[in-house]
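By written order: A, B, C, D, E and F. Residues from 1 in each chain.
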Amino acid sequence: MSDYDQSPNYQRGLNLVKEMLGDRFLAGLTASAESGAFAADCASIAIESAFGAVWSRPGLARRDRSLVTLGILIASGKSAELRNHVRAGLNNGLGVEELQEVMIQAFPYCGFPCVAEAIEATIAVLRERGLIDDSTQSAKERGLL
Amino acid sequence: MSDYDQSPNYQRGLNLVKEMLGDRFLAGLTASAESGAFAADCASIAIESAFGAVWSRPGLARRDRSLVTLGILIASGKSAELRNHVRAGLNNGLGVEELQEVMIQAFPYCGFPCVAEAIEATIAVLRERGLIDDSTQSAKERGLL
Amino acid sequence: MSDYDQSPNYQRGLNLVKEMLGDRFLAGLTASAESGAFAADCASIAIESAFGAVWSRPGLARRDRSLVTLGILIASGKSAELRNHVRAGLNNGLGVEELQEVMIQAFPYCGFPCVAEAIEATIAVLRERGLIDDSTQSAKERGLL
Amino acid sequence: MSDYDQSPNYQRGLNLVKEMLGDRFLAGLTASAESGAFAADCASIAIESAFGAVWSRPGLARRDRSLVTLGILIASGKSAELRNHVRAGLNNGLGVEELQEVMIQAFPYCGFPCVAEAIEATIAVLRERGLIDDSTQSAKERGLL
Amino acid sequence: MSDYDQSPNYQRGLNLVKEMLGDRFLAGLTASAESGAFAADCASIAIESAFGAVWSRPGLARRDRSLVTLGILIASGKSAELRNHVRAGLNNGLGVEELQEVMIQAFPYCGFPCVAEAIEATIAVLRERGLIDDSTQSAKERGLL
Amino acid sequence: MSDYDQSPNYQRGLNLVKEMLGDRFLAGLTASAESGAFAADCASIAIESAFGAVWSRPGLARRDRSLVTLGILIASGKSAELRNHVRAGLNNGLGVEELQEVMIQAFPYCGFPCVAEAIEATIAVLRERGLIDDSTQSAKERGLL
């Protein structure tokens, strides 16, 4: 058992995960944190230090924190984590057109290959949420990637 | 001589550079673009394609574009370009506390070394603008980096 | 509808995509650009600014531009885009042995993990083009990766 | 046929691959090196220069070299090669709890997205070796990634 | 004033910084954390979450954590932070020859440019500690970099 | 003393360094390799494995290998090593305009920040060689970076 769950940041983190990523994600993350399995403490550290200590800080709106985080994840090519933060960004108030512009904004600073990968990840989330037409094809689906 | 300067994006780009980075930066960038010297077209391409074609798009506020760009530059460790975009971010409406939070937001996604470098660059700009106390010492100045 | 397609660079870009990546890729890219779907303008920007404004420049042969681009994509680990540029490189005059040497040249500058991923992507394209023996196994297929 | 296999480093490399990665991996690597197929010399170079010239050096224990290599591969996001080096690390004396701590150690220096990907790769190897409970779920399997 | 300094991890972190990086570094870091200046909380977060929550964990020796951290910092090209962790590594029991081998070990996984930068940073620390001959010239000092 | 210098690749490497980087660089590199100082073997490994085993291979012209290497170094932001390879590229037959186009070619694949840093490094070498006008100012010298 972990001793992370006593800290105020851990509680703040749980609330924030729930609001930003929903009940199902929260359930998965706490189940992972409490599993005692390999690297389970990583989930606890994520809850406490990423969500509790950082995301919960005042001084910058959550929607703004989402924009910074999306920029980071596009640049570093982390598609799996990016999908989570497209979901969080939608919950934090970003619209579909804004997400499109986030992707395009990255082009002069990261180049096309990063942007193209990020668009694939974003389309997957938008489709899952029913926010784009089913007929929308990604570059990969068109054989361009 | 370049044929970039005829395009509507080039004109849009010039306006945007002026508004976001000021007259002196604009003068330097156009002087570079018109110099005909080595890689001068890079300045033209920056004006036309980064500022004219991307930054000028509707659909995402400039302040939001700044947040995405700051995230990208922190993650990719590009301190020189980051200084320009801290300046642009201030002109686009970001406050000092918000910039601080942008840096801290990056920690769980990039790790400390990227954040520490980004803070050095940001402090340099804030000092240049008189936005932080002269006595503020960066980690580097304290011998921590 | 996009206003990209009026520019001379857009037309130059279309020609270049056709020559370097073929009719089918061109059809997919223009369909994407004209779809009006999420991030469709990214395809337009690729046509206009990557292919039209950069690849179409004089001063460096296309085969040379392919070599630079392959180096970039190997180093940045962008396998999907690398497959497109192995195809383009073949159309721009690079032979199979030369592609092999491009991969090996990257080793001292990027290390093995980047090179190994790049070889996987390259073998996939060479097989698709019938340029290597069907019995050639990649490191992944041999269980080495 | 390659002329790599005459060098003393090549022989040292073969021994080291056998000890660190086992007979099956060695068989695959030498088959690849001797295949004469596309980029086969890469396997020879790996044997001679990575395993023969570097890993075989005195001055740092193999278990220590594994720790450095794991740090590098986590930071650079090379999951396929990381799996090989989790296997090598186990053979070089690292235990399961130590591997867990290697992953957690990376968090403040690389950020969560790198760590999360590395944990996925490590769990795959630990499962393959029967070193963790079959019921251990990775973040990906829990829908968190 | 920060509320970080109440947590048990903060106290653990302070002890660990003192042992690994010495009194002077600790004084600089706590002065930074307590300064209330721009991004001062970053120092608090470093103490609490990097040193207190991660470095203080059982399950992996400090010398081993140093090896992982050195690997990460070589790969990500963070020379300033690397100097701190060469110092920490020496305090955690790594010898000069071992540090040399850490650098050489990185070559097949990161390539020469990363290794060359890391050696420059390491030589600077070794010289500062009087651990190498004053006449030792780095590649940069020889005009090779 | 090193046992690297007996191998045929070491001799090939020495010849190649001389041809590509000149007598002075060769003298510095061999002095470093023979110094027995910290990490001196890195110089030997560079001579033997980068220059001897890789650059000396048939199958791809040296000028082509320079183009690949420049692409890699631009993408990975290694300015110090890039200066060496701009020098090598000039000796391998690349002209000033071609080098300019190498930089511009990188823009759509790496983004501006990488390109801007690479141009600074290239201008430094071109100036040192007397290949550009003394009045050419880099972006940094114009206060743009």
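Everything below uses one rule, namely that a residue touches a chain if its C-beta (ideal position, glycine included) is under 8 Å from a C-beta of that chain, and two chains touch if they have at least 3 such contacts.
Every value quoted in this text rests on a predicted model; they were computed, and no experiment measured them.
Enquirer: Tell me which chains count as touching both chain C and chain D.
Expert: Both-contact set = A, B, E, F.
Enquirer: Using the touch rule from the top, work out which pair, B-E or A-B, shares more C-beta pairs.
Expert: A-B
Enquirer: Using mean Cα positions as chain centres, tell me which chain lies farthest from chain D.
Expert: B
Enquirer: Can you work out the whole-Å distance between the CA centroids of chain C and chain F?
Expert: 25
Enquirer: Between chain A and chain C, what is the gap in Å from one C-alpha centre to the other?
Expert: 29
Enquirer: Residues of chain D that contact two or more other chains, please.
Expert: Residue numbers touching two or more other chains: 45-46, 49-50, 54, 73, 76-77, 81, 100, 104, 107-114.
Enquirer: Make each chain a node and each touching pair an edge, then name the shape: line, ring, star, complete, other.
Expert: complete
Enquirer: For the complex, which residues does chain A have touching chain E?
Expert: Chain A residues touching chain E: 7, 45, 48-49, 53-54.
Enquirer: Using the touch definition up top, name the residues of chain E that touch chain F in the complex.
Expert: Its residues touching chain F are 77, 96, 100, 103-104, 107, 111-117, 119, 122-123, 126, 132-133, 135-137, 139-140, 142-145.
Enquirer: If we count contacts the way the header does, which residues on chain D are in touch with chain C in the complex?
Expert: Listed in rising order, the residues are 24-25, 28-29, 31-32, 35, 37-39, 41-43, 45-46, 50, 73, 76-78, 80-81, 84.
Enquirer: State the interface residues of chain C toward chain F in the complex, per the touch definition above.
Expert: Checking each residue of chain C against chain F gives 46, 49-50, 54-55, 57, 59-60, 64-65, 67-76, 81, 97-98, 100-102, 104-110.
Enquirer: Mind pulling up the chain B residues that touch chain D in the complex?
Expert: 107-114
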